[in-house]
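One chain, subunit A, links the two complexes that follow: it is found with subunit B in the first and with subunit C in the second.
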Partner chain A sequence: MSILVLKRAAIAALLVIAASVLTFALVAAAPGNVAALIAERMAGPNASAELIARIAADLGLNDPLPVRYLRWLGDAVRGDFGISLRSGKPLSVEFAERVPVTALLLFGGGLIAFALSLGLGIAGAISNGGPVDNVLRTISLVGASTPNFFVAAVLVITFAVTLNWLPSFGGSGPLSWILPWATSSVLPASILSRVVRVNLQDAMSRPYATTGFAKGLTRSGVILQEALPTIAVPFLTTFGAQFALMMVASMVVETVFALRGIGAFFIEVIRFRDFISMQAILLLFVVFFVVTNLVVDIVCMLIDPRIRKAAGA
Partner chain B sequence: MTELLKSLRTWPWHIVAPVLLFVAVAVLAPWLTPYDPAAQDYMSILQGPSWAHWLGTDYLGRDLLSRIIGGARVSLTAMSIVLLAALILGVVVGSLAGYIGGRFEVVMISAIDIFLALPSLVIALALIGIMGPGYWSMIVALTLAWWANYARMSRAVVVAELRQPYIEAARIMGANHLHIFSRHILPSVLALVVVYASADAGALVLAIATLSFLGLGVEPPTPEWGQMLVDGMGYLEDNPALVILPGLALTLVVVSFNLLGEAFALSKVPRPARGLTLSRRRRDRAKEEAARAQVEARP
Partner chain C sequence: MSTASGPIYEVGDLVIDLYAGNVSVRAVDGVSFAIHPGETVAIVGESGSGKTVMTLGPLGLLPEGVTVDIRGRAQSGGQDLLTLGPRRLSELRGRSFGVVFQDPISALNPMKRVGPQLAAQARRLTGATGREARQAALDLLKRTGIPDPDDRYFRYPHEMSGGMLQRVMIALALAGKPKVLIADEPTTALDATVQAQILELIRQLQREDGIAVLLITHDIGVVSRVADRVIVLYAGRIAEEGPAFEVLTAPIHPYTIGLLDSVPDLRKSIGEPRQGIPGVPPDQSMLVPGCRFAERCPKVEPRCRTHRPPLDQVRGRAVVQRVACPPQLRALREMADA
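Up next, the complex of A and B:
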């Protein structure tokens, strides 16, 4: 088992390295010279060639690409991502301020999505074609197709502007987190509740469900006792994928609610063409996606012996 | 392709109709809009609905109805360009990889896998960051973010088709590569890839709106729903319709496309793919698709 985990971790590490090369190459191949861009920020459009050359030398931009890559990666591993052109602060400082904000957004939203999708999915399966099921199916279809910025807008209009119950901006006390959490949980909750519903339906036609009925359980009894444990793997796999996509959604959610997290920062630095920050944030994203995947894989291996066997433990 | 046309009679028209309506509005937009969507009128700023402006006006006095109709055209145009470009790129790269094989194929598969490993919107944003924001950067970035899946599918079909006896027969009869590819392989590739591409249309409309919402896509004064929404956010207390109506239009279009895509995906499930060896993979994909309701809806 531990060998299996190590193997998966090794693959994940390789993926991160491959993606870091790609990220580095992408930015290195960017049209326009980073040094010229920085000089422009410092001295306006008429920056002298001298200044550009000095910045290039300072940043080591004249070294061969592999050297620059290794230096960049080495610094990044030690927590030094360079200095943001956008804010002028070291990126490690920016990250220290912003990662907790995004983490809080993702965990709150993820928790809501987790609970909501299980509840709604089970309710739908119990209703099984009844009115509850139909209503829930429609809600999840609409929820899965509504752009998250529109969800945010509707929530703000309803709860902040009209009812005046909640603040329309984040970062001002616990109440201000409710709308961002709700916004980021709508899409994953919609998709996950469908997954719960569909897999429960499938499980109900299996022999163990029949056994449950034979033991005298009611339909809800069979769903909760016999069917629910069997959907753990597809549920967790989809949850992992959706959790990773919540990071993508955080760019929109944080921008709308003025939260100072990583997602909003990414959009800011793209607008500002701050390549140094872009590189670092992309690396952070890749690590996040790979780690999320790794955790889901390991948890699935822990709970389902068949996956362990298939993977050759 | 003919198979697709033949199934026309059995199409669920209640699912197709909303999409057709959207396309019709988009195509006919110049004749439907009562005003120029970009025309500003400082005498009628932030008005409610009236006979002159059925849905009211925005903060520059632009007619909201005209902008929503114009937005449909902008969305459809951008989406079609991206979809077509991604389709061509994916089919060309995937088919070449499958047909040529060898080291070229290995390199191409790795490239495809790397693109598929990251969420499309992250790829698109990274590329926009490098090229600088703007309409054409958005188009190029989305194309590069979307082609990989079509390339993967194309390669799988080509590899499966190459094993078919009729390819060998054609080769023995002296047909050249171009003939074999265009006559015997390309039709199968297109039949599969076009169906999946049509299912992606909703996600693409959403991606275009999201990028424009973030100020990294369609630029003002061109009317685009996502960008209209962000514009309207500043005037929520004056006229929430500026936010709600573009949002509703966008949501309805995405729902329609997703329903269409779901119908396509499901209708493809039971039909065995003319002995293609990839049918198991396709079935798995279709199952997966049904499970997540095909509404992957990339945020």
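Up next, the complex of A and C:
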């Protein structure tokens, strides 16, 4: 068991390293010269070639790529991501301020998506072709195919502008979190509720569901006690993927609701061509994706006895 | 058999139509039978003869996605199962009727440890509490002949063999102390050596508890080993019914004769061609007026194709044997008169 966890963790670490190489290479290959950019910001459009050369030398930009990569990675591991060209602050300081905002957005939205999708998926399975099932199917279809900026706009117009119940942007107390959470959970909740519904339906056609009926359970009893435990792995796997994608969606959600998180920052630094920040944020994204999947894999291993067995535990 | 106490389960004029899309099939076409406490009744027939539908249908145990229309009576303990709502019916399952399915590997929930599942069932059905329920589960494992129950208690289905799992399945069916045990092909998915053990186990438990066993099978060998009575089903209708010994040794219905004839007999020389029954079972989506076996029957008469044969008692035998074949019954009478 623990050997398997270590194995998975080692693979995850390799993934992070591979992705960090890729990230570094992409940013290095992107058009634009960091030294020139900095010089331009220091001395205006007519910065001298000398200044550019000095900055490049200072930053070690003349060293071979592998050396630069290792230096960058070594610093990053120690928590030094460099200084943001956009804000002039160390990125470690930016992250310390912004990661908690994004984390709160993701965990709130993720929790809502988790609970809502289970509840709606189960309700649909219990209704089984009835009106509840059909309404939920339609809602989830709409929810899964509506872009999040549009969802945000609809929610803001409805609850902030028209009804004036909730603030239209974040960062102003607990109530201000409701609309960002709702926006970021619509897509994952829609997709996940379908995953729950469809997998429950499949489980209900299995012989063990019939055994559940034979044991004397009612249909709802069979859904909750027999079918639900067996869908844990597909549900959690999809949840992990959707949760990771919420990080991507945070770029839009944070920008729309003026939340000072990582996602909004990423959009900002792209606009500013702040390569140093982009590199650091991409690395953060990669680590987040890999860790999320690692956690899901380990949880699935813990709850499904068959995976445990396949793992030779 | 103690028939004096009256049947524990009685089915009358049962008709079951199955609908899938716009196709409808009359899977069970006017079947009546009764089973008494302590009795083992085998329901024999080939695949598609309706034996599973006829037994599991009234209990509401047919798979989801198939629309079922059931008419007739299915009485147990003064109640008609066919008139009960889903909740009342679910209360009878597990308590009055225990069910053992064909393939225990897929019929047991892969996410559930066997012991705790049995304990939960004991808690739900007998009102046992924590420690009692655990003890009840261990007792069930012991009774069904599972070695080292304390160790097996925390096992998952995938960690046990098919034979052991079928014992767990039987334990699960018995947890609610049912009066009728329905076993749907309980040995078909098992190794030959294990089959005998499972049959012996069912027989032994039946002797101990005096429960009635309704055994669905296509295996004549199984029938001869455990059944008191046999119901031979063909295309949703009873062809012949009677004590196992009489039906197996002196079958009357041409289908029963053909069925028994097609069973390989190891004592006969190898290579001797098997008889078998020519033709295939009828398409049950078409309702025919006459005998469903007519197309394949060596004794067919014109009247067979137009009139449904009644299930009549055989006269002149000491036991109750019923056969749905007027030509054969007439031949028997003529032989007796001569």
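Definition applied: the second predicted complex is superposed on the first by the 310 of 313 C-alpha atoms of A that agree within 3 Å, B and C clash if a C-alpha of one lies under 4 Å from a C-alpha of the other, contacts with A are read in each partner's own complex, and residues count from 1 in each chain.
FYI, a contact is a pair of C-beta atoms (placed from the backbone, for glycine too) under 8 Å apart; a residue touches a chain by one contact, two chains touch by 3 or more.
Quick caveat: nothing in here was measured; it's all calculated off a predicted structure.
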Subunit B and subunit C placed together on subunit A: clash or fit? fit
Ask   = Taking the superposition as given, does A:254 touch the first partner, subunit B, the second, subunit C, both, or neither?
value = neither
Practice prompt. Scan A:304 for contacts with subunit B and subunit C and give back first, second, both or neither.
Written response: second
Subunit A contact check, subunit B vs subunit C, more residues touched by chain B
Item to check | Partner chain in contact with A:94 - subunit B first, subunit C second, else both or neither | outcome: neither
Query = Taking the superposition as given, does A:217 touch the first partner, subunit B, the second, subunit C, both, or neither?
reply = second
According to the stated criteria, A:145 is in contact with first (subunit B), second (subunit C), both, or neither; which is it?
first
Contacts of A:207 with subunit B and subunit C, given as first, second, both or neither
second
Report task. For A:232, select first, second, both or neither according to whether it touches subunit B, subunit C, the two together, or no partner. Result -> second
Three-chain overlay: angle at subunit A's Cα centre between subunit B and subunit C, nearest 10 degrees, stands at 80
Shortest Cα gap between subunit B and subunit C in the overlay, whole Å, is 18
Where subunit B and subunit C land on the same part of subunit A: residues none
The answer for subunit C against subunit A in the complex is residues 59-61, 63-65, 86-87, 90-95, 97-99, 101, 103, 106-113, 121, 124-125, 156, 158-159, 169, 172-173, 176
Note: in the complex, subunit A contacts subunit C through residues 128, 204-219, 221, 226, 229-230, 232, 304-306, 309
So, in the complex, the side of subunit A touching subunit B is made of residues 15, 18-19, 22-23, 26-27, 29-31, 140-142, 144-150, 153-154, 156-157, 161, 187, 190-191, 194-195, 198-199, 234, 238, 244-245, 248-249, 251-252, 255-256, 266-267, 269-271, 273, 275, 278, 282, 285-286, 289
So, in the complex, the side of subunit B touching subunit A is made of residues 114, 117-119, 121-122, 125-133, 202, 206, 209-210, 213-216, 226, 229-230, 232-233, 236-237, 240, 243-244, 247-248, 250-251, 254-255, 258-259, 290-293, 295-299
